[in-house]
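Here is the structure we will look at.
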Amino acid sequence: MASLNDYLLVSGLLFAIGLAGVIIRSNIIVIFMCLELMLAAASLTLVAFSRFNVSSNGLPDYDGQVFVFFIITVAAAEVAVGLAIIVALYRARQTINVEDLTSMRG
Amino acid sequence: MDQFLFYLFGFLALGGGLLLVGFRNPVSSALSMVVSFIGLAGLFIGLNAYFVGIVQILVYAGAIMVLFIFIIMLLDLNNEKPFQFRSATILGGLAIPLLFAIQVLGVIQKGPAEHSEKFPLITEETLQQAADGFALKSDGELLPASEQTAIYRSLAHQDSPKLPDTNLIGETIFKHYNMPLQIMGVLLLVATVGVVVLSKRSSKNANKQN
Amino acid sequence: MHTIAWLILGLPLLSATCIHLGFKRNQGLSTLIATSSALITLILSLVILGNGKDTSTAFSWVGAMGEHFKGIEIGLRIDQLSRGMLIVVTGVGFLVHLFSLTYMKDDRAKARYFCGLSLFMFSMTGIVLASNFIMMFIFWELVGLSSYLLIGHWYQKPSAADASKKAFLTNRIGDFGFMIGILMLWGITGTVTFSELELWSATPAPFNSTYLGIALLCIFAGAVGKSAQAPLHVWLPDAMEGPTPVSALIHAATMVAAGVYMLARFFTSVDLEIIAFAPQTIAWIGGITSLLAALMATQQDDIKKILAYSTLSQLGYMVMAVGLLNAQAGVFHLFTHAWFKALLFLGSGAVIYACHHEQNIWKMGGLRKKMPLTFLTFTIGTLALMGFPLTAGFFSKEQILEAALHQSTPLFVMAAIVATLTTFYMGRLLLVAFLGENRSKNSHHAKEVGALMLIPLVTLSVLAVISGYPFVASALSPLYDHVDFHFGPAFWASLTALVVGGGFAFTFYRNAETDPLSDKKIALVFRNKFYVDELYAQIVRFGQDCVAAIVHFIDELIIGGLIVGGCSRAAEGFGKLFGRLQSGNLHGYATLFGLGVILLIYITVFVP
Amino acid sequence: MSLLFVLIPLLGALAIFLGSKAKSTAIATSTINCILGLGSVFCWRADVWSMKVEILSSPSLHLAFGFHDGMSVIMLVMSVLVLVSATFSGKCPEGREMLWYGSILLMGAGGIGAFLSTDLFFFYAFHELALIPTFIMIGVLGTGDRKEAAWKITIYLALGSIILLAGLIWLVSASGSENWLYSSLLASSIDEDSQKGIAALLLIGFGVLVSLFPFHSWAAPAYASAPAPISMLHAGILKKFGLYGLIRLYPMVSSGMQCWLHWLIVLLLFNIIWVGFVTINQKRLDHMLGNSSVMHMGYIFLAFAALIEAGSLEGNPLAKPAAVTLMFAHGISIALLFSLTDVIRRKTGTVEFVELGGLAKTAPRLAFLFGLAGMASIGLPGLANFSGEVLVFLSGFHSYQGQELGTLQIATIIALWGVVISAVYMLRAYRSTFHGETVKATSEQTVHDLGPFCQIPAAILCLALLVVGLYPKSLLGHLAEPESKTPLGQTAK
C-alpha cells in the first residue's frame, strides 16, 4: 500500500500538468479539459486524506468523499454550462482560440 | 501488488494528463482525458473509495467526455490550425507547473513523518471492530436483529465482511449534508435552465444573422 | 406713539417693495409713492417730536438661548437724540425727494432710483431708531447696500460701478471692526442694548478697562468706515459718481453722519472717563481727517469733489468733538451741517443740471447773473460752512473749537487751521464758479432752475441760517447743550480764519481763468489726495490680488497637484499597471493565477 | 409621516425609470414634497412629529425615519425647497430626461433620507445613494472638463465616505451597542481613547464630504462642470450632510473632539482665509461660486468649534442654532446662485468674467435675483445668511467675559475678515458680470431676461432667504425644543 505522500505527489503533478495545459494550449475546449483535470487532482487529495484520517470506529472519514461527490456533480453542471457558453461563443465569433478572444483587455 | 497497482494507475493518470496537454487534435485530447480519469478512478478504488471511483468513471468517461466530443464534432474543429508556439507562453507553461511541482515536493518534505507511512490495510478485524459501533444503541445495548442496518450487516457479515462505502457515503450525505445536497439539486436545475437559455439565445442570434 | 414709530420705519420699506414689485413700469407712480412716503414720514417725525416723550418698544428677533445670550431684539428707542436725528433724516430726505423729481426727470430708470431712495430712508431711520448695537449693525449694512445701489445707479459708467464697489468694500472693512467691537462689548458688559448699557455703566461690574477701550476703538472702526474718516476716507469722494441729490442726502447730510450718531449713542450710554486713551485716539483721527481733507479740497476742480472733501473735513470735526467727550457739540454740528451741506449739494446739483452735467468749476463762471436765486442760496450755504457769524455753522463750530481749546491745544490749532482752509476753498469755489466770466458754452446757456428745485434750496437756506440759534436748536437738534456766547479765543480764532482764508481766496481767484496755484509742487500733492488712493491700489494689488494669485497657485500646485493629484496619479498609475495585466488574454490570466498559487503556498508553508 | 418625504421622491424616481413622463413626474413629486415639507414646519410639535416610522427592523439594523429634533425639520425644509427649485432649473439635454430627472429625485431622496434616518447605517447609506447619481450626472451630462471633475469628486468623496464608515463602525463597536440606532448610541458611553480616534475619523470623513481644508479641491471643479440641478443639490443639500452628521454625533464623542479643537480651528481658518483668497483669484463665475461655497463651510465649522470648546450642547446653546441657521441659509443661497449662473451660461454662452459685462441692462430681473443671492451669500442683513453668521460670531464669543481673548475668539476675529474677503469677490464678480457696458455676449440681440418658468425656482428660494432673514425666529423657533426632552428612540413606535 502506498503512503499519503505518494498520493499527494501524484495529485500535485496532475494539477501541475493541468495548469501547464491551461497556460500553453490555446484551444478553449482543451483548456476546459485541463481545468477538469485540475479539479480531479484536487479530488484525489480529498480522497487520500479521507482514507488517511481514520475516524474513531476505524473506517475512513467519509466527509472527504462526500465532498468529492459534490465536486463531481458541480463539475458536471459546470461542463454543461461551460460548453454551452463555448458554443454560443463560437457562433458569435467563429473561433474558440483564446488568443483571438481578447475583448476583455483593460 | 498494491504498490504495483498504485504505480500503474498513477502512471495512467499522469500519462493521460500529459497526452491531454500534448495532443494537437482535441478529440485525441478528450480520449486521453478519459484515460487519465480511468487512472484516477483506479487510484480512488485503491483508497477503498469504491463509490467515488465508479462515479468518476461514470460521470467523466460516460457523460462529460461524450459532451466534449459532441461539442468538438459539432463545432467541427478537427481542422484546427497548428500549434502556435509562443515562447513566452511555453516558458510560462513549463516553468510555473515545474515550480509548482517543486513546491509540492517541498510541502511533502515538510509534512509530518506519518504521512510517509503506508496506509494500514482495512482488514476484517477493522471491519469487525467498526461493526460493533453500529450495533449499539445510544444507551449501550445491542440492537435487536430487526433493527440492524445494512451497514452493520455488511460489516459484520459472517463469511466475507465488506466495507459498505456506498451505504456509508449515503448515510453521511443524508444525515450531515442534507442541505447541501438539496442546494446541489437546485444548482443542477439552474445549470439545465442556463444551458437552455444560452443555446436558445445563440440560435436567435443565428436567425438574425440569416 | 409706538405705532407711529413703527410706521416711520415701515413706510419707506413698503414704498420700496411696492415700487420694486409692482410699479417699476409706471415711473410716475413710483416717484409719487416714494415722495409721498417721505413726506408722511417727515410729518410723523414731527408728530413724535411734538409729543416729546421718551419711550421704547421692541420685539424679539432671535430668541434667548441659554443664560448668557438674551436674544436679539429689533427695537425702537425714542429719545431726544433719535427724535432730532429723525427730523434731520426725514427732513433732508423729503427735500431731496422733491429735488430729485426735477433732477432725475429724464432718467430712464427713475423708478429704480426712487426705490433706492426709499430703501435708504428705511435703513437710515432704522439706524436712528435702533435700540441696540446688533440692530444698528443690521441697518448699518443696509444703508451700505442702498448707498451701493444709488452710487451705482448709472452702473453702465465703469467709474460709477467701480465707485459703488469701492464704497461697499471700504465700509465692509469698517464693519469688520464694528462687529468685533460689538462682540467684545457683549462679552464685557453682557449686553448690546443701549438702555442696559446705561444701567451697566451706572454700576459696572469689575472689568478690564483696556479691553473695553479696545472694544470701543473697534466699534469706532465702524464709524471710520461709514463716516469716511482716515484711513478709510477714500470711498467718499469717489461716491460722487452717484446722482447729485443722492450725494446730498447720503454722502453729506445723513448716512455719513451715522458714524458720529452711533458714537454719540455710545458715549451717552457709557461713561468713558476711565479709558481715556480710546476717546483721545478717536479725537486725533477726527482732527487729522479734517486737516487732510481740507488740504485736499483746496486743489479740486470738480464742484462735487470739493464739497465731498469739505464733508470729510466737517465729519472730522464732529468725530473730534465726540472724541473730546463732548458729544453734544459733535451732534450739534452734525445737525447744522446736515442742512447747509445738503443745501450746498443740492445747489451744486442745480448748477450741474443747469450746465448740462458740467461739473468742472473752471468751465463755469458767471453763474451769478444766470441763476441769481441759486447763487443766493449757495452763498448762504457757503457762509454757513465757513462759519460766518450769525449763520448756523458759526454756532456749532464755535462749540467744537471751545471743546478743543479746553482739552487739547494741538487739536485746537489744527481745528483753526482747518477753519481757515475751509474758508479758502469755499471762497475759491464761489469765486470761480459763480463770479467772473462764463468760461464755457455750457455755462453760457445756463438758466435758472424750476420751482420744484428752488423750494428745497430756499427751505434749506432758511434752515442753514436759523438752525444754529438756541431757540431752534434746543427744539430740533438731537443733542444740544446751550453754551453762552462769549468773545473768547475760539471766537477770535474763527474770525481770523474767516478773514485770512477769505483774503487769500480773494487774492488768488478773483477773475482767475485757471488755477494760479496748480503748478506748485505741494498743490500737486493735494490735488492727488496725498496719493492715498494710489497707495491703496498698490496695497490691494500686492496685499490682496498677488497674495490671492500666489495662494491660488499654491493651492492648485501643492494641494490640488501634489497631494491630491499625487494620490490620483498614483491611483491612475496603479490602474494603468493593473490594466496592462488585464490583457484579455487567457494565458496571461492563467500564468498569473499559477504565480499567485505558488506565492500563496510559499507564504503559507515556507515562510516561517 | 416622516417616511413620506423619503418615499415620494423615491417613488417618483422609480416611476421615471419605469417610463412615466420624466419632467412632469419630477415636478409633481418635488412640488408635493415641498408643500408637505413646508406644512410640516407649521405643524411642528415635538411630541407629534418625533414619532418614528419603522419599515424594516432586525436586531441590528433599523430602517426607520423620524425627526430627531428641530434640526431635522430645518434640514428637511431646506432639502425640499432646494429639490423643488432644482427640478425647475437647468436645461435637460434632448433625450436624457430619464437620467436627468431621475437623478435629481434620487439625490433629493438620498439627502432627505439621510437627514431623517434614525439609524446610523441608513444615515450613511442614504448619503451614498445620493452620491451615485451625482457622479454619473457630472460624468455624463456635465460641461467643460467633466471627466476629470467627475473623477476627482468620486475619488475624494469615496475616500471620505470610507473613512467615515470606519469611524461609524468604530463608534458603534466602541459603544458596545448591538445596533446602530442613534438613540441607543447616545445612551451608551465610550471610553476616552476610542473617543479620540473616533473623533478624528469622523472629522476627517465628514470633513472631506464638507470640503474642509485641505480636502477642498474637489468642490470647485465639480460644481463648475456639473449640470445646474446637480450642483444645486450637492452644494445645497448633500454638503450639509457632513455638518449635520458632526453635530448629530457630537454628544457621543464630545470629549474626544476636544483633543482636535485646535487642529479644527486652524483648518477652518484656512478654509475661510486661504480659500477666500483662492476665490478672489478665480476668473470664472462658476469656479468662484464653487470656491465660495467651500469658504462658507468654514463659518459652520467655526460654530462647531465653539460647540467643541464649550464641551456640550448646553455649554454653548448658541452654537447649534447658529450652525443650523447658516447651513439652511447657505444651502438656499448657493442653490440660487448656481441656478442663476446656469441661466447666465445658457443665455450668454460664457461664464468668464472678461467676456461678460452690463447684464443688468439687458436682463434686469436676472441681475436683481443674482444680486439678492450674492448679497445673501456675503451676509447682508435682511437675508438669511446674516442671521446665521451673526449667530456664529456670537457663539464664538459666548465664552468671552471681558478677559483676554481666547483661541476661539481670535479665530472668530480672523474669520470675520472672511466677511470682507467674500464681499470683495462677490462684488467684483457682480461688477464684471452685471455692471459696466454691455459686450457682445450680453448685448440685447443675444440675451433676453428671465422668463416666468426660470423665475419659479429663484422666487421660491428668494422668498425663503427673505423670510428667514427678516424674521429668523421663524426658523430658530424650531430649535428651541431641547433635544433631551424628546429622545427619539424612546417614543412610541
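Order of writing sets the labels: A, B, C and D. Residues in every chain begin at 1.
Please note the rule applied: contacts are C-beta pairs under 8 Å (C-beta built on N, C-alpha and C of every residue); 3 or more make two chains touch, one makes a residue touch a chain.
Small disclaimer: the values here were computed from a predicted structure and weren't measured.
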Farthest-lying chain, centroid of Cα atoms versus that of chain D: B
Interface with the most contact pairs, given as the two chains involved: A-B
Identifier of the chain whose CA centre is least distant from the whole-structure CA centre: D
Whole-Å separation of chain centres (CA-atom averages), chain B against chain D: 62
Interchain centroid distance [CA atoms averaged], chain A/chain C, Å: 89
Interchain centroid distance [CA atoms averaged], chain B/chain C, Å: 96
Mean-CA-position distance for chain D and chain A (Å): 56
Per-residue multi-chain contacts in chain C, two or more chains: 587, 591, 594
Where chain D touches two or more other chains at once, by residue number: none
Of all residues in chain A, the ones touching two or more other chains: 19, 23-24, 26, 99
Category of the chain touch graph - line, ring, star, complete, other: other
Pairs of chains, among all present, that meet the touch criterion: A-B, A-C, B-C, C-D
In the complex, chain D residues that touch chain C: 151-152, 155-156, 214, 216-218, 274-275, 277-278, 280-282, 314, 316-318, 321, 358, 360-361, 368, 375, 380-382, 386-387, 390-391, 393-394, 396-398, 400-404, 409, 412-413, 416-417, 419-420, 423-424, 427-428, 431, 434-438, 471-473, 476-477, 480
Chain C to chain D touching residues, read off their complex: 20, 60-63, 65-66, 68-69, 72, 134, 137-139, 141-142, 145, 152, 155-156, 158, 161-162, 164-165, 168-169, 172-173, 175-176, 179-180, 183-184, 186-189, 207-208, 211-212, 544-545, 547-549, 551-552, 555-556, 559-560, 563-564, 567-568, 571
Sites on chain B touched by chain A in the complex: 2-3, 6, 10, 13-14, 17-18, 20-21, 26, 29-30, 33, 36-37, 40, 43-44, 46-49, 51-52, 55-56, 59-60, 63-64, 67-68, 71-72, 74-75, 77, 80-81, 84, 89-90, 92-94, 96-98, 100-101, 104-105, 107-108, 111, 115-122, 126-127, 129-130, 133-134, 163, 165, 168-169, 171-173, 176-177, 180, 184, 187-188, 191-192, 194-195, 198-199, 201-202, 205-206
Complex contact set, residues of chain C against chain B: 587, 591, 594-595, 597-598, 601-602, 605-606
Chain C-facing residues of chain A, complex: 19, 22-24, 26, 28, 31, 98-99, 101-106
